[in-house]
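Multiple structures are listed underneath, in structure tokens.
Two complexes are shown next, each including subunit A; its partner changes from subunit B in the first to subunit C in the second.
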Partner chain A sequence: MDANASARLKRSAATIAHRIGLFLAMLLICLPGIWIVLSSLRPTVEILAKPPVWIPQQVSLDAYIAMFSGVGKGGIPVLDYFRNSLIISITSTVIAIAIGMAGGYAFARYRFRGKSAMFLGLMLTRTVPGIALSLPLFFVYARLDIIDTHFGLILAYVALNVPFTIWLIDGFFRQVPKDLAEAAQIDGCTRWQAFWQVEFPLAGPGIASAGIFAFLTSWNEFALASQLTRSINSKTLPVGLLDYTAEFTIDWRGMCALAVVMIIPALILTFIVQKHLVGGLTSGAVKG
Partner chain B sequence: MTAKRLSAPTLLLLPAVLVLAAVVVVPLCLSFYSSFTPFRLTRPETFFTFIGLRNYRNILSDANFWWAFGRTVLLLTIALNLEMLLGLGLALLVEKASRGQRLLRTIMMFPMMFSPILVGFQFKFMFNDNIGLVNNALQSLGLTRDAIPWLIEGHLAFIAISIAEIWSSTSIFAILILAGLLAMPKEPVEAARVDGCTPWQTFRYVTWPFIMPFAYIAMTIRSLDVARAYDIVKIMTDGGPAGRTELLWTLVARTAYSDARMGVANAMAYFSILLSIVFTVYFFKKLAAARTQIGAEW
Partner chain C sequence: MAIVSLKKLTKRYGSMEIVHGIDLDVADREFIALVGPSGCGKSTTLRMIAGLEEISGGTIEIGGRIVNDLPPRSRNISMVFQSYALYPHMTVRENLGFSLKIAGAPKEEMDRRVAEASAILGLDALLERRPSQLSGGQRQRVAMGRAIVRDPDVFLFDEPLSNLDAKLRTQMRTEIKKLHAKVKSTVIYVTHDQVEAMTLADRIVIMRDGYIEQVGTPDEVFQRPATRFVAGFIGSPPMNLQEATVDDGKVVFAGGQSLPLPARFKAKVDAGDKVVFGLRPDDLYPAGHGLHSGDAADVHEIELPVTVTEPLGNETLVFAEFDRRDWVSRMLNPRPLKAGDRVAMHFDLSQAHLFSAETGKSLRS
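And now, the complex of A and B:
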């Protein structure tokens, strides 16, 4: 065999190896999710079957119907949890974005003393593990009597989201050239007007994705929620899922269905932001 | 002092500082104080008894605490290193793909959408000794006859938790490293190839320094929420069997809420906070260093 042919063979072998590797990696990533969706659609008998039934024989939406038809029918109050999760996540996101926009703008556009120390300080507040923070918060909230209220959790989540939101929004404002706002100011805009008419629209998509990121953090948070909520007044979905698993008769199908309900909003939102998110996180990587 | 107008950046940062002070800093000061008291939730008056460093002495001489501490550090070391390696591999695989990049990248983000509690739940389901996917697959393939007690035996449970943790966070590394690979100029790589570098040398001396800052960003982001592992452990094993998967965070939660010993728990919590801060500052420093190194070249 001449060198030419063997090189060609080697190359196609590498291509095939690459394809197989890629396929296996993607399979590993997707498999757990697919399995959950599949299990939520099949009857419990099939999930428990020995030897295992790999290909679903019957597919039905019974688990979802049971879940949303109220507490009586062997379900947990999913609708209440869903509503709580939604209210708390959206409100805290809106507030966090407003605060984060002000802070991010300050970091991106102004020079002031102790800037990097300030930035590091803000980030450090984020390093406090949720469970460590929950101890004093629990105590303080108990005193203020705001345990098990939407307000308490919203306040906690705003604080949780502000540092990261500032990081992201800082990056997005840096991407908007300074000259544009300056030009607008020369043309007679005030700084306030220049911000809303020029810089804000340009950084808009980035800010939106920072918002979605904040939403997801609140939506997924568990450590604080598990201690600061008590009842259907304020329990969120993650806490609800844990309650479900702690019951004696484990209803795998129902839990899988609840998991799917939890993941769907996150799935949709992440698809929307994926492009901006990576850009925002890395914009500071090379420019400093 | 004369009353002067606040400068613009002060004014802009004020809300952020206020919220963080109210929800994070002040409560943390409170908990710092209470770590010097024998405070129990059931007996509020103990909040005002000062006992000095007794809580700290107690936990430092407590074997359970050190086991949990060691286990936490071990888990983080294993998880972060493997996530880094796997993420790098995944990013390289995807970058080489000629078609379907968009789809691949979307799939790659998949685990990021799962909340830790969901990750924990799905792996609890998959590693279930009786009906779990893993055991079913192993048995169907004839690799083992008996059900492997994944979440019931200590070491296996630790492995299962590590797998869950790695599954959920590898994608953060992969995505950020991929962003680095895509942002990298192509000339240096070609120049290295022309100069006769082997693929390994090209990667080690040209590509790797370029993507390093991106890897450190991923590390910094991860170290900001390493405590996510609490959720995963809580739902998968809740620290069991017999405390074999107890991490620092689950121990804190158990001491504070089940045993109601807030004072001791707060003392422990300070160790976990310290651990997080050390991780974050370390990677933040590395990030800054890698950034300036590249800045000189770009």
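And now, the complex of A and C:
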């Protein structure tokens, strides 16, 4: 066998090994997700069986049917939770992105007194674990009488997301060359027009990714929401999971079914935005 | 019609003054080049004219109108950036038409003017492409097209060729010159490359450390540099400059060597004056290989050892040691020479320059 043939063989062996490795890694990452989907489809006996039953024996959609069939028939107010989640997540994301754009742009483009201190301050807020704030937040909210309201939770999530969106969007605006906005101003734009016509479209993919991040943070957040919500007025889906725990039992199947319901919109959103994200990034990746 | 006039134009960042009250008048349709080493304030000056940089003092007039505090869009200028600054998310057509779109021009007019500019610059085949799909030279042309479409009073160029390779630079230089002949607008062109400035400009403004050193036609700044700095900056290879002391009809160099004091400086200097002696490589040559036949009385011959030669085909740069320093000379119709050879060098003193060592100013009046 000549050297070329053996090199070719080695290369294809490496490719196969590479793929097997990737498959194993993906399997490991996806396993919890798959397990949740599987568990939502089978009876508790099978879920709790030891050793685990890998291939489901009895598959049914009972948990989903029960979930939507209303209180008293094993259901929970899932549509209310869903609505609350949607309102709170979308509103807080929109606000966090608006503030993040203004702040990120200011940090990227302007020089002002105390800029680095402010930036550092924003970053430091990220080092405080949210759960540590939940008790003080609870007291303050109780005094303000905004516990169990959309407003209260939106406020908390905006505060949680803003430092991160500012930081992320700042980075994307920095990548847009300053010359472009200047060229636009010479071409007849006001500062404001230059921003919307040139800088915003170019930073768009970055802003979208900050948006996904903020949305998912709000959508999945549990610790604060469990403290600050009470009823179907404002309970979100993650808090709704607790409805499946009773004093002595936990309905694992129902909980998993609700988890699947929770994951699907987030997955869909990520897929939709990701397509734009990739398209945007390649067309934006031009040396000014 | 656009005369650009700067009066006592000053730029300060905090307590740091970058541009020190410069005065400059640019005639209508004139091509003027601002040239100088980096950090000399030439780009800052251009940006102040464009309105991208606030001015700290003085006035800027464009077409008889003081524009000190007007935003860039109200100055009727266009600018070509060093980075081209094409909008990456727009096609070439959209890039060219952007200013018209912002101004709310009707579609037909927009199409017509984009077509005109694209015809002038040969962009017709590229109109639907994006900047990322263009080569450096094509991007450069689009950037110029975007400037033309606006039909401005003044074109501002900020080192437009410095991102191109040497061959393309020469080519684009010619195109810019042709373009100026066609559009007949006032042009202010910033560059650090003196060759660009010499070849393109009607007049050159040489700046250093925020001051204007000299304003003049390419010929003037080359033949009659006003300061030692200009003498060293303009011309390639640069002028030979050596500090010396005037003594009894001679200039005596630090190393002890001397040359006769050129006749026309005799009345300008006294014995003991510290001066800087300057001689262009064109005026220093191996005997028989010079540019000028020279007035015999003013040509001074010294035999010098060659240290390095740089053959360029039609000519050879010969470095020869004189007064413990390499002097560069230009040998036309070159003959083979090698390091260590001793050659008779002709110093054409009728072309020599003298500058005051103290002020750097030329001693020729």
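Quick note on the criterion: the second predicted complex is superposed on the first by the 230 of 288 C-alpha atoms of A that agree within 3 Å, B and C clash if a C-alpha of one lies under 4 Å from a C-alpha of the other, contacts with A are read in each partner's own complex, and residues count from 1 in each chain.
FYI, a contact is a pair of C-beta atoms (placed from the backbone, for glycine too) under 8 Å apart; a residue touches a chain by one contact, two chains touch by 3 or more.
What you are looking at is a predicted structure, and each value in this text was computed from that prediction instead of being measured.
When the two structures are aligned on the shared chain, A:A117 is found in touch with neither subunit B nor subunit C. Of the two partner chains placed by superposition, only subunit C is touched by A:D187; subunit B is not.
Touch criterion not met for A:A5: it reaches neither subunit B nor subunit C. In the overlay built on the shared chain, the residue A:A223 is in contact with subunit B alone; subunit C does not reach it.
Residue contacts after overlaying the shared chain place A:I55 against neither subunit B nor subunit C.
Looking at the shared chain after the overlay, A:Y105 reaches subunit B, while subunit C stays out of its contact range.
Ranked by how many residues of subunit A each touches, subunit B and subunit C are led by B.
Common to the subunit B-facing and subunit C-facing surfaces of subunit A are residues 284-286, 288. Across the interface of their complex, subunit B is touched by residues 18, 21-22, 25-26, 28-33, 35-36, 39, 47-48, 51-52, 54, 98-100, 102-103, 105-106, 110, 112, 118, 120, 122-140, 155-156, 158-159, 162-164, 166, 216, 219-223, 226-227, 238, 241-242, 245, 252, 255-256, 259, 262-263, 266-267, 270-271, 274, 278-279, 281-282, 284-286, 288 of subunit A.
Residues of subunit A touching subunit C in their complex: 177, 179-180, 182-191, 193, 197-198, 201-202, 283-288.
The residues of subunit C lying in touch with subunit A in their complex are 50-52, 71-73, 77-79, 81-89, 98-99, 102-103, 130-132, 146, 150.
Residues of subunit B touching subunit A in their complex: 7-10, 12-13, 15-16, 19-20, 22-28, 30-31, 34, 41, 89-90, 93-94, 96-97, 104-118, 121-126, 131, 133, 136, 139-140, 167, 171, 175-176, 179-180, 183, 213-214, 217, 221, 223-227, 230-231, 234-235, 249, 252-253, 256-257, 262, 265-266, 269-270, 272-273, 276-277, 279-281, 284, 291-292, 294-295, 298.
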